[in-house]
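Handing you this structure, nothing more for now.
Chain naming follows the written order as A, B, C and D, and within any one chain the residues start at number 1.
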Amino acid sequence: MSFWNDPLKVAADWLLGVFTGWGMPELAANILIGFLGILILISLLMVLDIGLVWVERKVVARFQDRIGPNRLGPFGLIQPFADIIKLMIKEDITPAGADKVIYNIAPMLSMMSVLILWAVVPLAPAILGVDLNIGVLYIIAAGSIGTLSIIMAGWASNNKFALIGAFRQVAVMISFEVPMLATMLIPTILAGSMGTAAIVEKQDIWYVLLAPLGALIFLIAAIAELGRAPFDLAEGESELVSGYNIEYSGMKFGMFYAGELLHAFTFGGFWAILFFGGYRFFGLEKVSPFLAIAVILFKAFIGYWLIMWVRYTLLRIRIDHMLAFNWKFLTPLAFTLIMVTALMNALLAGAPAWLYIAGMFLSNIVVAWGALEIARFYSRRERERIEGKQVVAAGH
Amino acid sequence: MVPLSWYLVFAAALFSIGMFGVLSRRNAVAILLGIELMLNAVNINLAAFWRYGDVRLMTGQVFAIIVFAVAAAEVAVGLALVISVYRNRHTVVADEIDMLKW
Amino acid sequence: MTGEQIVFLVVAFFTLAAGFMVVTTRNLVHAALWLVAALFGVAVTYVTLHANFLAVVQVVVYIGAIAILFIFAVMLTRRDMRDQGPQMNKNWWLGALLAVLTFGGLYFLLQGWEGMTKTATSYPVSFDAISELGSALVSPVGYVLPFEVASVLLVAALVGAVYVAFNPRNGDTRK
Amino acid sequence: MNPWIFVGLFFVVGLLIPVGAIGIAWLLGPKKPNPIKQSVYECGIETVGESWVQFKAQYYIFALVFLVFDVETVFLFPWAVKLGALGLFAVIEGIIFVLILVAGLVYTWRKGMLEWA
């Protein structure tokens, strides 16, 4: 077994030899190796996060017909590092009347809730933090900790705007968690497992072909969950001056900001894992784990880029519209989709592959078409009702 | 290996703490917090009996999940009652809510 | 003392301490956050029992939903952040006495039981608890009725809660 | 070895990194607090009243509906895992389950509780 084929095992075996050579018991050595591996993974993620700051600024500049950072280093690549240094040496202000302990814990929890997600990201066939058989629910559980950190930050800041922002953000996050949970059921049904690794291994056909509507709903819910535009009303700069993190400065603000970017990237990755075959790309993953890692990172970047594209193209939606959109359209649609998927999956169980794919795909299209028709019917009726009133009013 | 007794004593202690909260807090929301602790203590027992009995019989886990649903229903209705009382009486202190109808 | 025992003792102590803070803290938002800590401790306890699914559900349901609901309710039912007046009622010592008696009684009862010192059999390696749970929940010989009744229970709770708390006719009588 | 040890390590490392970052920033940064700096920022205007505002009951409604759906989806996950092996009967059970759940949503909707009014 060479390093090229299974780098993780080779490195772990070598380290195990070294540590047990020092007279360490095997269990302790294994835990220490795990600790080192996780430390390296998370450090790399933080470096990636710094890179994401640059990507985000460069991309938003392009969308807005600007150049973006271009002074420091080639293409402004050193700019984010300068930002980090600035955040490091800034004074850390705690507002008077803040609940100090909770105020300080919140940004740490926010960052942690994103980093622990990577425990269930399968990077390559054998390279995965932990192969949990409840991986999908673990994602939601980590998200719950993130929600909690936001409400803690908003409450502890002792600021009206922060509290209102936190409440709105939490209302949005929990609302959109329902369609997200529902669409996560679809890969679970199709793969017959909740483990992320198992879901990727079972995806001989990308699930986006079997559940295109599910993939779309997941992306929308993920964007809302991340609190990014068009669903960033918690930050509403014009009314809430950046929402729950208004009183945070220096590195604590940096934690919220970096956490948000990494969260978006991570959800790009989960989108790829659940619906786009994860690290699989026409057998490329079998050549080498390094190629598999490159594939999953590339797919995650595409997801991240899509999220950015949406963010910088659409306008912010008002909170009542947004919650109505979730509860009156997205949630019923997602649950209808689960029922249809479960039924079609059972009915087409023995069918040949082409019929199975065609049936699943078409059933999704039909559900989407039906939902849009119903929505169109009701919105037309609503519009006629309002316009009718106006006609009457004009007649007087 | 942890013996079963540790889990049972732990659950009993958590249950007693929750009961103390229920009996002694004035605020109705705090009373509900105590009830949550008691329900969790029950769930620990169910999970422990599942693990220490035959693992292949899922009864303990099924009951634990049903308890989750019951806890959720209890919190939803309980807090709705507290909010309703607050809107009518402007108090959440359990001692002061002494009328049967208002 | 093995590693598992140390982990259990640490988690149990943490959970009980957090639980104690829940019932004694004056500030209700703090009490709700201590509840989150205690429930997280219970989730870790499930992990030590190999009940993966319960552990994650504990975090999703309790920390993700019930704790948020508590915090919302606390903020809806207080007009300012300061807590005036005592948080304990005047019979709190009676409550404490009863709690201690309950614990003592339970301990006494458990001690006389022969299953007390039982240790678990080793966990089967290739046993998929979630798959078993799935078939137990929906197979006709399993728990299909509780499964459906749970749905009815939750819907009843939703309808009841919505009706009780926000019936427009049941509005603010002080206005 | 129990895989949850590594999940625990992820929690520990995931907490250590932000603690380290904030700790270093705390060491490096200046510390010269004064009352103006520490005052609450509300768009540069003096704070009016308590930082406490009474919240709309609507937030509670959304949290309530979310709680119910959250618990219900948790029931559905074991069902979804085992679905392939159980056949049409289990599918129909799941559909009944979801329909009861949607009935609750429809009730809330018809009562006008989902409006942000």
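Here is the rule we go by: a residue touches a chain if its C-beta (ideal position, glycine included) is under 8 Å from a C-beta of that chain, and two chains touch if they have at least 3 such contacts.
Everything quoted here is computed from the prediction, not taken from an experiment.
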Chain whose mean Cα position lies farthest from chain B: A
Chain at the geometric heart of the assembly (C-alpha centres): D
Which of B-D and B-C has more C-beta contact pairs: B-C
Approximate Å spacing (C-alpha centroids) for the pair chain B, chain C: 5
Distance from chain D to chain B - Cα centre to Cα centre, in angstrom: 21
Whole-Å separation of chain centres (CA-atom averages), chain A against chain C: 28
Where chain C and chain D are represented by their mean Cα positions, the distance between them in whole Å: 17
Shared interface positions of chain A, touching two or more other chains: 27, 132, 137, 167, 174, 177, 194
Residues of chain B touching at least two other chains: 65, 68-69, 72, 75-76, 79-80, 83, 87
For chain D, residues contacting two or more additional chains: 4, 51, 55, 57, 59-60, 63-68, 70-71, 74-75, 77, 80-83, 85, 94, 101
Pairs of chains in contact (touch as defined earlier), listed by label: A-C, A-D, B-C, B-D, C-D
Chain B to chain C touching residues, read off their complex: 1-10, 12-27, 29-30, 32-34, 36-37, 40, 43-44, 47-48, 50-52, 55-56, 58-59, 61-62, 64-66, 68-77, 79-84, 86-88, 90, 92, 94-95, 102
Footprint of chain C on chain A - complex, ascending: 27, 102, 132-134, 137-138, 140-141, 143-145, 147-148, 151-152, 155, 167, 170, 174, 177, 194
Parts of chain D lying in touch with chain B, wherever the complex brings them together: 57, 60, 64, 67-68, 70-71, 74-75
Chain C residues touching chain D - in the complex, by the definition given at the top: 47, 52-53, 57, 60-61, 64-66, 68-69, 72-73, 75-76, 78-81, 130-131, 133-135, 137-140, 144, 147-148, 150-152, 154-155, 157-159, 161-163, 165-166
Residue ranges of chain C touching chain B (in the complex, touch as defined): 2, 4-5, 8, 12, 15-16, 19-20, 22-23, 28, 31-32, 35, 38-39, 42, 45-46, 48-51, 53-54, 57-58, 61-62, 65-66, 69-70, 73-74, 76-78, 85-89, 91-92, 94-96, 98-100, 102-103, 106-107, 110, 115-121, 123-124, 127, 129, 132-133, 136-137, 142-143, 146, 150, 153-154, 156-158, 160-162, 164-166, 170-174
